[in-house]
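When the chains are written out, they are named A, B, C, D, E and F in that same order, and each has its own residue count from 1.
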Amino acid sequence: MLTAIIKPHKLDAVDEALAKLGISGITISEVMGHGRQKGHTEIYRGAEYQVSYIPKTKIEVVVSDDLADKASDAIIDAARTGNIGDGMIFVGEIGEAVRVRTGETGAIAL
Amino acid sequence: MRKLRLITALLIASSVCLAAPAALAQDGDTAVTTQELQFVFNTLLFLLGGFLVMWMAAGFAMLESGMVRSKNVATICAKNIGLYSIAGLMFWLFGYNLMYGVDAGGWIGSFTWYEHPTHEAETGSYAGTSDWFFQMVFCATAASIVSGTLAERIKLWPFLAFCVVLTGIIYPIQGAWTWGGGWLKEAGFSDFAGSTIVHSVGGWAALVGALILGARIGKYDSKGGIHPMPGSSMPLATLGTFILWLGWFGFNGGSQLALGTINDASDVARIFANTNTAAAAGVVAAMVLTQILYKKVDLTMALNGALAGLVSITAEPLTPTMPMAALIGVIGGVLVVVTVPLLDKLKIDDVVGAIPVHLVCGIWGTLAVPLTNDSTNFGSQIIGILAIGVFVSAVSAVLWFILKGTVGLRVSEEDERGGLDIAELGLEAYPEFGPVTSPSTA
Amino acid sequence: MRKLRLITALLIASSVCLAAPAALAQDGDTAVTTQELQFVFNTLLFLLGGFLVMWMAAGFAMLESGMVRSKNVATICAKNIGLYSIAGLMFWLFGYNLMYGVDAGGWIGSFTWYEHPTHEAETGSYAGTSDWFFQMVFCATAASIVSGTLAERIKLWPFLAFCVVLTGIIYPIQGAWTWGGGWLKEAGFSDFAGSTIVHSVGGWAALVGALILGARIGKYDSKGGIHPMPGSSMPLATLGTFILWLGWFGFNGGSQLALGTINDASDVARIFANTNTAAAAGVVAAMVLTQILYKKVDLTMALNGALAGLVSITAEPLTPTMPMAALIGVIGGVLVVVTVPLLDKLKIDDVVGAIPVHLVCGIWGTLAVPLTNDSTNFGSQIIGILAIGVFVSAVSAVLWFILKGTVGLRVSEEDERGGLDIAELGLEAYPEFGPVTSPSTA
Amino acid sequence: MRKLRLITALLIASSVCLAAPAALAQDGDTAVTTQELQFVFNTLLFLLGGFLVMWMAAGFAMLESGMVRSKNVATICAKNIGLYSIAGLMFWLFGYNLMYGVDAGGWIGSFTWYEHPTHEAETGSYAGTSDWFFQMVFCATAASIVSGTLAERIKLWPFLAFCVVLTGIIYPIQGAWTWGGGWLKEAGFSDFAGSTIVHSVGGWAALVGALILGARIGKYDSKGGIHPMPGSSMPLATLGTFILWLGWFGFNGGSQLALGTINDASDVARIFANTNTAAAAGVVAAMVLTQILYKKVDLTMALNGALAGLVSITAEPLTPTMPMAALIGVIGGVLVVVTVPLLDKLKIDDVVGAIPVHLVCGIWGTLAVPLTNDSTNFGSQIIGILAIGVFVSAVSAVLWFILKGTVGLRVSEEDERGGLDIAELGLEAYPEFGPVTSPSTA
Amino acid sequence: MLTAIIKPHKLDAVDEALAKLGISGITISEVMGHGRQKGHTEIYRGAEYQVSYIPKTKIEVVVSDDLADKASDAIIDAARTGNIGDGMIFVGEIGEAVRVRTGETGAIAL
Amino acid sequence: MLTAIIKPHKLDAVDEALAKLGISGITISEVMGHGRQKGHTEIYRGAEYQVSYIPKTKIEVVVSDDLADKASDAIIDAARTGNIGDGMIFVGEIGEAVRVRTGETGAIAL
């Protein structure tokens, strides 16, 4: 499973890049975070405060092992702006994937 | 047979009048008299002004809903509709006669309830009950001010209990002193539509309440840090401000108390224009000043700026010229931008900025009266401000302390963290829109 | 040349009148006559009342938007603006003349459309079209009531089709019986501003619709369990309630139908005060009662309580004293708190509580008339309630069944689960705020 | 001593009048004269109409808040309260006297500010300041139109700078030509309440602005694709539409400019009815047409349809019969449904549909005047439309270009993506409701 | 850890099915996604657009290894409608589970 | 990867505790759940209903293996109130972490 944290407006590009690899299954959610990019300061009614978390989009894609590297590269290509806050990709192992509708498992389910 | 009823009425009327189409005064007994005409116009002004001010209750509800965090929104709605209802009942049960049943130069009216006059008793220049209605909605306004300051931590029922006394006793007693014709009136105090008598009264009660209640958990840290807790909905806060602005035409315009002559009608028009100008000037002042101070416009300050202008012009919306109205509003807008962070420095936690808007600008507006109204003087204005401030603060403090010592004023820490909506109402204002976890909403 | 137009008009007028500054009746031909004065005042009352009641359409839209789940909010908005528009057209095409073209003691008016009278034809005590406008917005109110009950499952177009008949045929026919001067009027039935004629009519149509349509999926389970589906926005529901409250001053006050005399003006004032008092009492009753019953205040019940008080006082807002107005409102508030769970027990799924508010309190208010109005009696009131109830229910049932049997009334299960907004409009009310997954929003 | 003040006034009055209860004209010097009566009624109409139109500022704010994405909602609120305030100040400083200080047949009034007339100077048929107030809110309306079209990308201060000139200079100058009694009035151009003079003016300024500003990032792709960016809150958009609809009764009804005679009162009533009918017809037309074209009702089009009907009837709300009012509204509704996608084809990015509603329907409504008003002709109407269109577009274009070339009109790409709220105000409209990531909100 | 992406209205049924197995710990969140079900087309103000992501509910349940298969089957049974969009189950490994309140770790913590 | 489910108002404390360990990268999201804490009953318009899910904050932190235990302890310390509902920490393995902006992988990317 690839978990990517990207800038929200890059979602379209990433999705298209994955589609080109034939990857159609994707789950996204809205997250917030900080990394090297540490948020910024705002003023509300005269008081400064720290906005610590920047909105990001999290993408989860389960792919067969052979596609993992390609997918990872595709995401990086599509999501990179070169500016701080571009995000991270984490690659994890999935023991099994099951399609609820059919009960299929493994690569065929993806 | 609503239509027929009218037609019948007309037939009756016309059997008398149309037969004499020459008009009003031809036949003195049946025609409309000047008194009748004034009566209808003045009553109409009270009813128009009254429903516009009633609408301000919705304005406060929306402004406050937008300025609190989502976990406290339903509770602030409940407080607002509750307090308006309580004001409506208490001003009938005690308020009106306490306020307007006072002897000339006196201190307090009578503890009796208001009754509709009979038709025969309507010999004044307006319908008695139209005045009741108009004055009642003013009373409700004073209570609305308090709910915003104390939001997000005060318990529902103790707050409403305070409103019972505020609207039934505190507000009417001090109101009697000036508008009822009591001692402050004789002392020369002048407050056309209530910068002090309505707005500061709410402001004092709120300030004393905020001091006794303390700040919201997490608002101020031990190192002097201030942690803003941004409001949950800027469009609702904006809507609330626009509603209040609209209602203010009734608030100030209706306070002319008469409409049926050229002078009265043109005075009401003048009041409308000055009211709008002061509000507009307050907005522009707040926007420019926040841009200068903070390099960004603060929308919540701009909204407060509108209200600041409105409160400031309320003590005397008639006599200023347009430039003076603008100036009064500008100073109101500046006062708000300056006072909001000042209160934070003092660790006085005013969720919606009601103290800067209603108390500070209420004082400013009252002090500004002699600038344009020659029949007033600063001494009397200061006496009025102080007398009402001391009275309202003292009685409010006693009341807040009694409530604190008996039923308790404040929800538990856990309830405050989890939100008053779940704790006090068992429901959520927006059950389907999860609050994003962020430190400021901790 | 808007300004100039006026100045010219004035010059013409003054060439006649100012030359004779002595005034209104000096010169009978040109001066303002009593009839003219009454005409202007009454027309003004209709227009003021009319725009306030028109505003209630927004109140229903907001109340219902706040009380449905977010996946159905856009659809309820579409229904509300659609039904108000349909009422505006149907009451012109058929409604007004069906309602007010009836013979004295008759059953039905004529199927003709309403036309603006010429200036010459304006010999009544108000502008004909001002009455049309005022009556039209009442008709729209009846339809607004239905949309709330049937929300979250009824298809858009069949609902609007029902509104076409309700506003064009059903409402006007029964309205003719009393307000048009028909047989119920002669039978002594009295309903000042429409507890029965407007509110119960909507309530009956909604009740019959709810029975035929069935409950929302998941609302009631087979074991007798009730699964609340909390509304998506409490501040919008609160705003809607305040809008309705404001509009009600026009609803009841305007129903005095005349303003230009001391008696009429003071009656309108009295109606304003009684209306406000009943609503306030309804809120307080609902808050206290839910606190006692459930240990927590239920905001949605408090909001319903306001409307309950308002509906209850609508059949007779003039004759009650203030204590009686409060009592009528309190009973309304209690009725709502009691009836809402009762309907759930009967598995009648009323999304916003329109049946308790408009039907139950509509009946209560109508029955309460003889308590304060000596010219009425319980027998006639019951006849009116029954006659209108039977007529509206029967015709509505036929209509609902026809719609069900032909185009179908209800969206598919999948569409209901996914929300009517996507299914019926292809858009989301809040596309950026995801609904948090929770069983109650399943 | 508010109550006492009145009572005193009454005593004074009655010492003169009640002694002569026979009434108004008995004693020419003290009684109410026809002029006085007309003065009061007309002033009242201006004040009523004025506060209703003022309320439209809130309508635009809510409509636009609902139609933009949540990241830009607070900014659109700031723009709306800012522009209304600016209009209030500029129309005082320059606007009114530029517009109404023009010579008959002239081109421009004087650059002086408006001053309240003294009581003695009030010899007209309405209070001077009531007219100022009424005309000021019209001016604000024109500016409100612009903010919607240019939302989500224009910087706050440059937008407000444009509003300064629009409300202080552009609007009043062209307004002088017709309503001030200038050359267009003499050329026979007729625009009762401002389809062209208010709505198209805003529309032209918006169109030119949209062309110069360009579309939002991602709205149109290079392959001709159009990417809708759904509005963040349908109930707020619906609320805004209802507010505008309500305000329009003041807009059109108040433009009768007089109320105190049978003819005027019945004309105002007729205007109310026609206004409502056109709006209702616009809604129904838009709903039916979107159903036919797209197989689903588009709520945003239905809302635009209401406004389309309203703008269309504004140039002549008095002379149409009901069927004609309906027809004018239907055509307005159709125009909007057809024009919205057309603009998208032309890559003109109008966030709320202000150009179809206010410009296209403004032109249509102005052209439709001669259909029902025999004293007008198509030639004059076209001259007026063109003259105003060319003037406003040209001056606006120059102004937009100057702003673009100096301070810049548009926020940076990053700020636009992140939302104007953070970039321009440093706050979020809904800090606790995260926007769901979706391509359309990219 | 079982991660299931299901139709939102199936949450109740899934939760009950898990409860029957004695599994009380569950974390849910709101996600969007597409798989074989590719979204649909809508029209907004006259312009067609692709709604690419369908709202789904994500369920995360950490169970001891012996329960994993049963839990997976229970979820499939409860969540299946047989129509497209029924979702996926991904089975991953968790190194350790700690209960914050008590500091307990391992199966006892679940 | 550490996945922690905590009480929302403890987020600040946890974030600070992690910062003290030099951990700056963190991704948070809003979730709901139940464990031993089983929700509560509310009354809405006269009908009782079960609020099954309590709002929680989910924290995901990818750290190098050597920091995992310290981080886990830090979270527990900061998030514990001792009351029910304090939440869980799940420790999983990440195969690889890539920084989108730079393409760096491994510990250096974190």
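Please note the rule applied: a contact is a pair of C-beta atoms (placed from the backbone, for glycine too) under 8 Å apart; a residue touches a chain by one contact, two chains touch by 3 or more.
Computed from a predicted model, the values in this text were never measured in an experiment.
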item	value
Contact-graph separation of chain A and chain C, given in steps at minimum	2
Pair of chains joined by more contacts [C-beta pairs], B-C or D-E	B-C
Length of the line joining the C-alpha centres of chain E and chain F, rounded to whole Å	18
Gap in Å, rounded to a whole number, between the CA centres of chain F and chain D	51
Between chain E and chain C, distance of the C-alpha-averaged centres to the nearest whole Å	46
Contacts with two or more other chains, residues of chain E listed in rising order	15, 28-30, 32, 43-44, 52-53, 92-93
Multi-partner residues of chain D (each touching 2 or more other chains)	23-25, 31-32, 37, 44, 48, 230, 233, 239, 294, 296, 298, 300, 426-427, 430, 433-441
Every chain pair meeting the contact rule	A-B, A-D, A-E, A-F, B-C, B-D, B-F, C-D, C-E, C-F, D-E, E-F
Chain B contact footprint on chain A (complex, rising order)	32, 43-53
Chain B-facing residues of chain F, complex	8-9, 11-12, 15, 28-30, 32, 42-44, 55, 57
Complex contacts: residues of chain C adjacent to chain D	1-7, 9-10, 13-14, 17-18, 21-26, 30-32, 36-37, 39-40, 43-44, 46-48, 50-51, 54-55, 57-58, 61-62, 65-66, 73-75, 77-78, 80-82, 84-89, 92, 113-117, 119, 122, 127-130, 132-133, 136, 156-157, 233, 236, 239, 421, 424-434
Residues of chain F touching chain E in the complex	4-6, 29-36, 38, 52-53, 56, 58, 72, 75-76, 79-93
Complex contact set, residues of chain C against chain B	23-25, 28-29, 31-35, 37-38, 41-42, 44, 48, 52, 69-70, 100, 104, 124-126, 131, 135, 178-182, 185, 230-235, 237-239, 241-243, 245-246, 249, 253, 255, 257-266, 268-270, 272-273, 276-277, 279-281, 283-284, 287, 291, 294, 296-300, 302-303, 306, 321-323, 326, 430, 433-436, 438, 440-441
